[in-house]
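Chain IDs A, B, C and D follow the sequence of writing; residue 1 opens each chain.
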Amino acid sequence: MSHVETRMTLNGKEVTGHAPADTTLVRWLREQAHAYEVKEGCNEGTCGTCTVLVDGKATTGCTTLAVQVDGARVETSACLADGDELSPLQAKFWETGAAQCGFCTQGMLMSAVELLRSGEKVTPAKVREHLHGNLCRCTGYQAIVNAVVAAAEEGATR
Amino acid sequence: MRIDNQFVVPATPERAWEFLTDLGRVAPCVPGATVESADGESLTGRVALRIGPMNMTYTGEAKFVVKDDANKVATIEVGGRDRRGGGTVKAKIKASLTEVPDGTQVNLSTDLGLTGRVAQLGQGPINDVSSKLMRQFADSLAAQIDRPAPAPGSAPAPAAPVAEAEPINLLDSSLLPKKQLAGAAAGLVALVVAFLLGRSVGRRGAR
Amino acid sequence: MTETVQHRGAETTRVVNTEVKRQDSREKLLGKTRYAGDFDIAGQLYAKLVRAPMPSARIVSKDASAAMEVPGVVAVFFGEDVPNNEIPTNTAGIKGRPQPPSWVLTTERVRYHGEPVALVVAENTRALAAAEALVDIEYEPLPVVSDPEAALEDGSPLVHEGGNLLSEWNIDRGDVDKAFADAPVVVEGSYEAQVVDHAYLEPETGIGWLDDEGVINIKVSTQEIEHYRRIAHVVGLPDSKVRVQAPYLGGGFGGKEDMTVEPYIALAVQRTGRPVKMTWTRQESLTARAKRHPVRMRYRTAATEDGKLLAHDIDIVSDAGAYPLLSGFVLLYITLNATGPYRCDNVRVRSRAAFTNNTPGSAFRGFGGMQPVLGYEAQIDKVADATGKDRVEVRKRNAYKRGDRIPAGQPIETAVWLEQCIDAVMEAIGPRPEPSSPEHRVGLGLACNVQPYGRVAWMNDSASAWVGCERDGGVVVRCGVPDVGGGQVSSLAQIAAEVLHVPVENVTVHFGDSSRTPLAGRTTATRQLYMSGNAVLSASRELRAQLIEGVAKATGCAEHELTLAEGGVLTPDGVVPLPEVVAMCMANGVAINAMKTFFAPTAKPVTQLIDSERIVPDFTFGAHAAYVEVDTRTGQVRPLRYVAAHDVGRAINPLSVRGQIEGAIVQGLGYALSERIVYDEAVNLTGAFYQYAIPTAADCPEIEVKVLESGEGVGPFNARGIGEPPIGPCASTIASAVEDAVGARPTTLPMLAERVLKCVDEGGRA
Amino acid sequence: MSDVLTTMAYERARTVPEALTLLAEGGEDTRPISGGQSLVPMMNLGLAAPAFLVDVSGIPALRTIGVEGGHLVIGAAVTHAELTTDPLVAEHAPLLARAAAHIGSQRVRNRGTIGGSVAHGDAAAELPVSCHVLEAEYRVESLGRQEWRPARAFSQGHYQTDLNQGELVTAVRVPLRPSHGWGFHEYCRRTGDFALASAAAGVELDGDRIKSAAVAVTGAADRPLRLEEVERRLTGAAVAEAEQIMSGLAGELDVADDPYAKGADRARLIEAMAVRAVRDACADARREQA
């Protein structure tokens, strides 16, 4: 089985891995880089639990091949906290109860970070429109919307 | 899924019956078919189909379960498996001939059973593709039927050489299948069955 | 925004009843939490099921030779290779009627689309996929029965030898026929609810390995670690030779209550001696995993001119699918809750569950308490309209009071704050918004519900917990509760912290381990806070008594002079810090840990004609209101604003309570508006997640929650269960709002645009 | 048996000629990949198993947007997100910008490309139906050949286009029609889902009469469908009569049933979308006039 070498900057660190060319980004991150925080919920681009930022843009980890992001800058939610101290956005998620089972949380955080960094006006409706590709089955979205709006009001970008 | 169809060929019922009951000669009319072995009664082979990025290869066999020369009524059973994708196809085709002024009308009525991921996700447009494929099969059958049969008494034509048929890409037929869209009943079915993925599986439109 | 309506004289508490940020949520935000699919063990193999591609067939032949030739394939199992392939069924079916078993891998007959037929084990997932397609199974299609009512008619194809009737429950209270004969007002209605899927975002997954004591360990996403017994049965080992650990789940909602990957992992580990990992694809789960039971309900309701309910005559048919699983119990809950939170002296309910070749039905949040809400809330609206009374008044007029008996015979022993819930939402819903265009209509909807919490009394339910102190003063709780994401573990930490006066962060909870933590029973039926919460409460109180006893013996103070205070024991001359208290106990032969088992009250099982004083521990009541906008050209329904109120007795953690209510509401809105599994003659066509429409953030309204606290639950600190109740009223709230907007009420779920468009035509207000 | 375990080859093309060479030499199961948002899910589900993928998403020549010879020319690898924000698209092909905003979610729009969309040929996709109304053309290149093919003839059915092995869509061009007004509407069960029905419309006004109209819908056939009969009836009619002229369209459409929606129900949705697309196009055209 021919393996392809892929290299990327993951959360600020250089990572190299060897995997078959049809390996999706989410599986590469989990198997080659042990980024277990990135989850795989459907493997067809629908649920959003595998969302990561590639060069700052929200990207579906299971419908993007790892080889396609060779040389790119990839960010997962592991880059948000400062050691064990939650980032401003994570702190809001904690306050409003926006993480119940937590399986959608990583992808939700990264889509929200893309919105916070976009400079657009962050209203509840804008958050719902930007995050509708990130499904959640536990919270009913209200706590997540409240958290992102509150983080935006404090100028948070992570 | 039940699909009925009819078409007229410019040949006598006897000539049409003789052609139709020789699977070795009928099979090559099937778009995308590759015959591996065939005697008049049954045949084994592969049908490769490419629809957009999807490609399925069904390996299986077809055989006569009813062949009533007197009334010119026959039933063919088809079974095949996609050894990569894991889906299966089963079809029971009842064929009958009726003489008409300008030749013979071939009546086909098929019960089609599809399983596997293709059938599950592709229900929507399966009807559309069946009609397109059948039109090609019917045209090809009609063209073949009135070509002279091999001289009687000579050795039965050897099974068609194992030519790798180019998997057909269903592009050439440009007829907008207006009527065929109305439902399975309006379509035609041939030996092969059509499988098409309906809604693309991926997210909205190509990305 | 949560506003808590307090009950007078509530016991003042320190940690309980305050918004506590959950410790598990912090770990999940940091991405540190390891779910069952996040563990890898060197040398692990991978396992995958071969599933039947059709709903009803005889298995003619099976041949694994081609699959075994694929490089990397290690083993292929068929049912014949399973030590105990038959899994007995213990659901509450019909007395005397043998309940068909289910199979680890079916051998002769396929009864539903996607039923497991073979198991492939390989070194890598690529070999697995290739081998799965090459396991050669010849099926001979058999007749299919996909409609539950047709299944119950003579001559229908049989799914199981004993006939297609799985279970029947009846209630016959008072003189129903006389009540209808004399009644001035009689209203009728038929209602139908669809098959829906749990759609937890974490697929079914687990990993197993053999430890050095020969015990098969399985770390699995499950709501019941007690399955270790069934797994041991399947592989033919003693119970103690199987250990199940449930790490934090990525959602369960009842869908991980039955076994999923466990028996297959155990078989593969047993055969190969190597670690084995199995994860079901989303597509497998949607196609073949147990779902919520679809139901057809016919209601006849009699009432007086001023809207007092006189009688109900209800007939319900549920589709149990191909195997029993928990269908008998779900049907019992449908029957128990068929008349809703309203008093009615003359009630006849006949409910039947039929086998078909559709996907088996089993537990799903609400567990049978959800489906009948569609019926009883529509009927009480019909009574209000027929008598010209206000829909709010008719509900208040008929609402249960403490001491009333539900039709099944059990008296309600705690407060019924239905009226307060209705007032709270009608006050909070606010003014009617303007339609967004002349082609749109806005409507207001209201609906109430009742949902039992805790398991049925004859299950002899119990939960055990161990609480102890470490030398450094830290508190440890050991309790076998699986945490599905609802904050189950966090609540236990809060209860122990409350009793022992320590900060919540100082409480460590070891949970979900069938051999290292005392068993607390499955996380389901909104029972976990009630059961494991009470077990931790009593164990914590005993530990408190031990600490006080230790200090008393060491210091000579009288025990009544001592109380627990912040971080230690308060004595007349100051606080003795906890580490010292522990030392004192150790020095004076006083234990510093306690193990308690909480038993729910028990009763004899009900007969087929239900009449019993005690069936379920208690009930939770609630009311929801909503504004929706209907597009009269497309029929699309858009919820604009949603308010919900529930009496939770006492909110242990208001943050978790609000999260449970908001989450249940959005699942309820999916049930109301978009979710369904589409079948074609029992072939499940909804095989991809993009085809299964759970609500997105953009399709949900802003939700406001009112948490009412009557202080009268049977849980710890008078809490009532809140996990399931808020999912019930949503579909009826939306249906009544659509009726208010367009003049006709949808009666079939989900309320798809094309169905609502027919209501627009009927209502004539386009 | 070992062929069962073959894995896919992948090459990232830096120029169009390099891509065309790789596609020509790659043999039968060679495909281009751009955003991959439709192809990769099919691979994950075992429906597609290409032997060789040629990645064209990074070729600079395919990422340009510019006005040339009375057309707006958009590189095939321009993403949907870029269509929704690019000023030239907003000015010269606002219909594409509006339609692209409806595609999937932000994640999908960040990577999905216009070339990928039109080549994939999903019957419900937002960009092909818009291109039908815009009278757009697609530049199709293969080794030694390049030609512009009209969008209207390009769609051939579900996932079938006028694209043969070795050919690559490298650009989309839209004739500049400043005086026209445009409208796009779609009906989905949920935000971002596949459209059960959608409509794109382009209208040119003469005072308050409709000088010319182009209307296309999805959901009615196995490809975008121009409503030529409706266009004829609208031409010359007063804007105020447009809705009345289009009422009853549902009855004229012959829409197949499918397990997720009955043909007659879908036809009513198509009519509603077509009426609203034409209404928006007229309003848009009136603003252009002002």
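Of note:
Basically, a residue touches a chain if its C-beta (ideal position, glycine included) is under 8 Å from a C-beta of that chain, and two chains touch if they have at least 3 such contacts.
This structure is a prediction, so every number in the text was calculated from the model and none was measured.
Taking the mean of each chain's C-alpha atoms, the chain whose centre lies closest to the overall C-alpha mean is C.
Looking at A-C and C-D side by side, the one with more C-beta contacts is A-C. Remark: chain A and chain C have CA centroids separated by 29 Å (rounded to whole angstrom).
The distance from the centre of chain C to the centre of chain D, with each centre set as the mean of the Cα atoms, comes to 44 Å. Centre-to-centre spacing of chain B and chain D amounts to 32 Å, using the average Cα coordinate of each chain. Rounded to whole angstrom, the centroid-to-centroid distance between chain B and chain C, based on C-alpha atoms, equals 49 Å. Looking at chain D, residues 4-5, 7, 36-37, 40-41, 45-46, 104-105, 108, 111, 190-194, 259-260 sit in touch with two or more other chains. In chain C, the positions touching at least two other chains are 126, 130, 134, 283, 680, 685, 688, 690-691, 696, 698-699. Annotation for chain A: residues touching 2 or more other chains are 1, 20, 43-46, 60, 63, 129, 132-134.
For chain B in complex with chain C, the residues that touch the partner chain are 82-88, 90, 113, 115-117, 119-121, 123, 199, 201, 203. Touching chain C in their complex are the following residues of chain A: 1, 20, 30, 36-37, 39-47, 49, 76-78, 81, 84, 86, 90, 93-95, 97, 99-106, 109, 124, 127-129, 131-145.
Remark: chain D residues 4, 28-29, 31, 34-42, 45-50, 80, 102-105, 108-109, 111-113, 116-128, 153, 156-162, 164-165, 192-194, 221-223, 254-260, 263 touch chain B in the complex. Per the touch definition, chain C reaches chain B in the complex via residues 53-54, 130, 132-134, 141, 283, 287, 680, 683-685, 687-688, 690-691. Contact residues of chain C toward chain A in the complex are 21-22, 24-26, 28-35, 37-38, 126, 198-203, 248-251, 253, 281-283, 484-487, 655-656, 658-659, 661-667, 688-690, 694, 696-700, 702-703.
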